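Structures are listed in the sections that come next.
What follows is chain A paired twice: with chain B in the first complex and chain C in the second.
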Partner chain A sequence: MKRKQWIACLCILLCGGVLLWFAQLLLVPKYMSGNREGAMTAEYYGDGSTHDVLFLGDCEVYECYTPPTLWAEYGITSYIRGTPQQLVWHSYYLLEETLRYETPRAVVFNVYAMRYGEPQNEAYNRVLLDGMRFSDVKLRAVLASMTEEESLASYLFPLLRYHSRWSELEAADLQYLFHRDSVTHNGYLMQTAVVPKELDIEGEPLSDPTLPEICFAYLDRMRELCEEKGIQLILVKAPTNFWGYYWYDEWEEQMVSYAGEHGLPYYNFIPLADEIGLDWSTDTYDGGAHLNVSGAEKLTSYFGAILRETFGLEDHRADAELSALWQEKCNAYEAEKNGGTS
Partner chain B sequence: MQFNSIPFLLLLTAALVLYYCLPLRRRWYVLLGASYLYYLAAGAEYLVFILYTTAVSYLTGLWLGRRAMRDATALAAAGELPREERRARQAKDRRARFRILVGGLVLGFGMLAVLKYTGFVLSGVQAFVPTLRIPELLLPLGISFYTFQSMGYLIDVYRGKAQPERNPFRFALFVSYFPQILQGPISRFGDLEPQLFGEHRFQGERFRAGLARVVWGYFKKMVVADTAMIAVRTLVEQELTGAYVVLLILLYSAVIYGDFTGGIDITIGVSELFGVRLKENFDRPFASRSVKEYWRRWHITMGTWFTDYVFYPLSVCGPMQRLSKWSRAHLGAALGKRLPVYIATIVTWFLTGLWHGAGWNFIVWGLLNCLCIQVSQELQPLWRRWQAAAPRLCASRIWGCWQALRTFLLMGLIRSLDCYRNVPLTFRLWGSILTDFNWGQMLGDLTGLGLTPADWGVLAAGVLVQFAASLLGKREPLRERLSRRPVLLCACLTLGVIVILLFGSYGIGYDAGDFIYGQF
Partner chain C sequence: MKKFAALLLTVAALMGFSSCGEDNPGNGEAAAYSFSFDGVEMRPGDKAAPVLEALAGHSPQSSVKASCLSGLSGEDVTYVLPGFRIQTFRQQEGDADEQIRLIILSDDSVATPEGVAIGAEAQAVKDTYGAPSEETEFRLAYTRGSMRLVFGLREGKVTNISYEVLE
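The block that comes next holds the complex of A and B.
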């Protein structure tokens, strides 16, 4: 081949590469409406500021605690790195990644995911892992999380996963080609609907109540990581009142025992619902499974007091720069709340 | 490790780099290493079977070679012998070598028979003995292909057409050569040996042609075959009748063509990357004007294997010659002459069907092909008369197209036996083509078959591209022409890769990945 031909071929290959890169940008789901949860992981990188508290877990964190309330009432800065059905190893790798950007004073981990010892669903892996920035942590997270049908290559080149979306493209795919809107309030995904709880719950008998070993292994790693960085790890269980999210006494015993053994604070808010002031006829948007914004504010208010009194987290409201930043966040939060988007 | 998988592409890349880094004489080591790695990836338990076949055919080949040499030396040492005595001695030696050959064939085919056909035979017996338990046996990857290739080698050594290979590692590569182990082509030792162990320098043009062929194969497999397979699965699972059966025939033709010829394109293309040239396995089969011609153009290496190692030996064997004599005497010259040919043809097609799968569907498939060929043969005088009566029409392009279309539909109909779960159901569904005139319903229901309108568009475009490439490459394959124009080739390859990545059926949500012939 002559030199000119080599150059022409290289140019063609480069154009092909650019075209594939563009196709990937276009075909990757944007999650700007509908399943907004898919946009939450990546949204964290745009926040820029540091936080006193980092929340980790599934829908029981990103729908139950509101960082703007925590700021407004206690001057505590926080961020929720929650995603749907976030498993313990997901939380561990998110923690490891977050600690590369900041060192919060406390990490709050919701223990509901302790029940799952195996990857559950490709979709939940995707909404979390696709949003993570490329790093060795992401690679390890992918390898730990993949279901049998998934491949590492499809996480490195998401085009391999989403190539068939070409026939379902919408205007939003073009609109959000190079940027995304914010869908949460520091990780809090607001739900404003009210669907009261109707039936009393009763969990079906468990065949094996033992929480998987692998979950405790990852919890150990989270604990060690926090100890290493001087971070207070706090275990919580969000209040629920729905059969599908039943928290069994056997699980509770194991968590109490683990927390006691390692000197970790553990708060199960299910029996504290009345003390928190939760009203299951007005504070849930899905019949008792998760809290709506009203319930989330009540829980945050209650938990904020614990963070302040038990863990001594400072009030930053006197900090002008932080106040300005958080005022903006609170305004956006109030606007959505009053707008009634859910 | 499927051809359309990332591990295969990584293995191929690593093997290519290593291959061209090693000295010329040692390059085949890389092929052997890659072949065993490829095989190992399918499951370590399968390794035992390929090693067994390799050992049996290697040792039998050596034995045959040594025996032949010993017989020849002894005959030479005996000096001038009377003609009759010389012939008797040669016949005795041949019989001894034949016994060695039969021993090797029994051991080689025996394993294939046990692993592939035990379940089928026992399921037949189970009809009479319901308590009989059918064991679940492993079916190693590509067992039919490597067994046939190895047994072909033994027959060639016995016939003196190939010299026995003395180096067990070189022989192991002949049996296990990774690009072709999954679905052929079934190579002869005499053809493959110089290619595998020849000293291949890197040649840009050849490499580019190979690359083009690989990408073309992936296009056929992933864009056409795997997309069509989604609808085929629905049609088969729901056992839809009438017009849907016609649709299945058309779609399954696209599937099998894209899948098998695409797989062979990848095989031959990958081999070209290493400088290894394999025999072609297809020659525009859907342009065939008769079933006989079709089988000269489709899966050529399998067809020639059965012709050379089953049909011809069977036609001229002692019992068949005696039958021929007897039938000429008792049934008349015409039928007497044909009877042995009929029998040899039926046996050959029965075995061809059985090779494709352990099931009545495949046996009936083979016998129907045989029937079509025999009927066509018998009707030759009638065709000749028709040609004489309408010479212009018969020489016209329209007539040629009609013949090709007729053959395509007939072969498609017979081929649909691959799809349905048993023979009676297949026949019933074939019958429904004539009784259920549900064309309107079928056309209105196309999106209910698992493909969106966009998918149908991709499928139609893919088929058209294949058709156009077949027409344009009538005299010389397009890739050969393109390989002489590197910039254009580079553009086509880049475009091909983009099209495959975007429009191919792969990843989660698709379940059509396996190559169909890999299961045979």
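The block that comes next holds the complex of A and C.
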């Protein structure tokens, strides 16, 4: 082949590659309105600062703890790497990835996901894994998480998954082609609506109350990783106990036993709801399944005292640089709270 | 001749039984177990609207399960009635195709039409329903067609009873 032909081939390949890259940018969901949860994983990389506390888990972390409150009341810096139905292996790989960027003093893991021994739905994988930066950790996370219908290739080249979105494209796909707005406050997804809890109903009967072995295996890995890095691992269960996301006594026994066996602190906030000051007629936005901002602030205030008094996390409010950074975050938080976005 | 007539009658009788069986739901399988309350019969897989309408006098209270991920289609709903709950799935409120997925007996004020209530011994369940399709330390399950009747057990006693739709 002559030199000119080589160059022509190269140009065609390059143009094809650029077109495919552009098509991928255009077609992947932007998650800027509607299901904003899909934008949460990637948002972490833009934060830039380090944190005393890292929260990991499902909606029971990103709807229950507010980093701006933890800063305002205790001067503790924190980030929530939570996503909807985050499974234990998701949390493990997010922890492994986060530790490449920073080493927090404490990792707080919400135990509700211990109930799931298998991936449940592609949508939950997508909102977490698509947002992860490419790395060997992401590859391992994808391999551990895929449902039978999913393929590794579609995570490496999301265009394979989203090519059919061309007919659903809207203005936001162009607007957010190269950037995303922030949808959370250090991982906290604000909900300001109030829908009181009116019924106390138990969850549906369990076919087997034994928590899956694979969950304990990944929790072991999280524990070992934290030990290796000198990080305090703290287990928590959010105070919500709704029939659709029920926490059974049999599960509680297993978690208490695991925590005791490994010397881990474990706080189940369900029986502490009154002590925390939660009012189920005002502190939930969906009938008791999740806390709204008022409930989240109460829980954060309560938990902050534990972080300070039991785990000795220091107050950074005298640090001018951190104070300026967090003042901005607190201002944005208050603005959204007062604006009433839900 | 008598033998031939007897044979004919036997064949006819067998065909008669066979055609009766075809009237059962589930294409020849045994009829699905159903739960009955105040004269209203219901089973998993039934449309919810007629059942809820018939039970309206008992003022069922409802609770919708919100999904953690906005944008997922459909929602689970629980209707609380005296002694039991009905769990349904619907696309949105007012969905004419809202379907009963689960019926849960929550206390011993109600019993199955065959007479088993919460608190019964596991052996009493087997005496009533026969050999289960699935038996573990935690439950006895009886599958019929596209539904399953489950007796949850703790220490050999029934702690919950549910009628479940099979996916």
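The working rule: the second predicted complex is superposed on the first by the 340 of 342 C-alpha atoms of A that agree within 3 Å, B and C clash if a C-alpha of one lies under 4 Å from a C-alpha of the other, contacts with A are read in each partner's own complex, and residues count from 1 in each chain.
One rule holds in what follows: contacts are C-beta pairs under 8 Å (C-beta built on N, C-alpha and C of every residue); 3 or more make two chains touch, one makes a residue touch a chain.
Please read all numbers here as calculations on a predicted model, not as lab measurements.
Applying the stated clash criterion after superposition on chain A shows that chain B and chain C can sit side by side. Of the two partner chains placed by the overlay, only chain B lies in contact with A:9; chain C stays clear of it.
Between chain B and chain C, more residues of chain A are touched by C. Contacts of A:338 after superposition on the shared chain: neither chain B nor chain C is touched. Angle at chain A between chain B and chain C, computed from CA centres in the superposed arrangement: 60 degrees, to the nearest 10.
Contacts of A:127 after superposition: chain C is touched, whereas chain B is not reached. Once the two complexes are laid over each other on the shared chain, residue contacts for A:19 go to chain B alone; chain C is not touched. Of the two partner chains placed by the overlay, only chain B lies in contact with A:159; chain C stays clear of it. In the superposed model, A:286 lies in contact with chain C only, and not with chain B. In the superposition on chain A, contact is made by A:36 with chain C only, not with chain B. After superposing the two complexes on chain A, the shortest C-alpha to C-alpha distance between chain B and chain C comes to 11 Å. Taken in their complex, chain A has these residues touching chain C: 34-37, 58-59, 84-85, 121, 123-124, 127, 198-199, 201-202, 204-209, 242-245, 286-287, 289-290. On the chain B side of its complex with chain A, the touching residues are 6, 204, 452, 454-455, 486-487, 490-491, 494-495, 497-498, 501-509. On the side of chain C, the complex with chain A involves touching residues 61, 63-72, 76, 78, 80, 85, 87, 102, 104, 106, 136, 138-139, 150, 152, 159-160, 162. Across the interface of their complex, chain B is touched by residues 1, 5, 8-9, 12-13, 15-16, 19-20, 23, 122, 149-151, 153-154, 159-161, 163-164, 166-167 of chain A.
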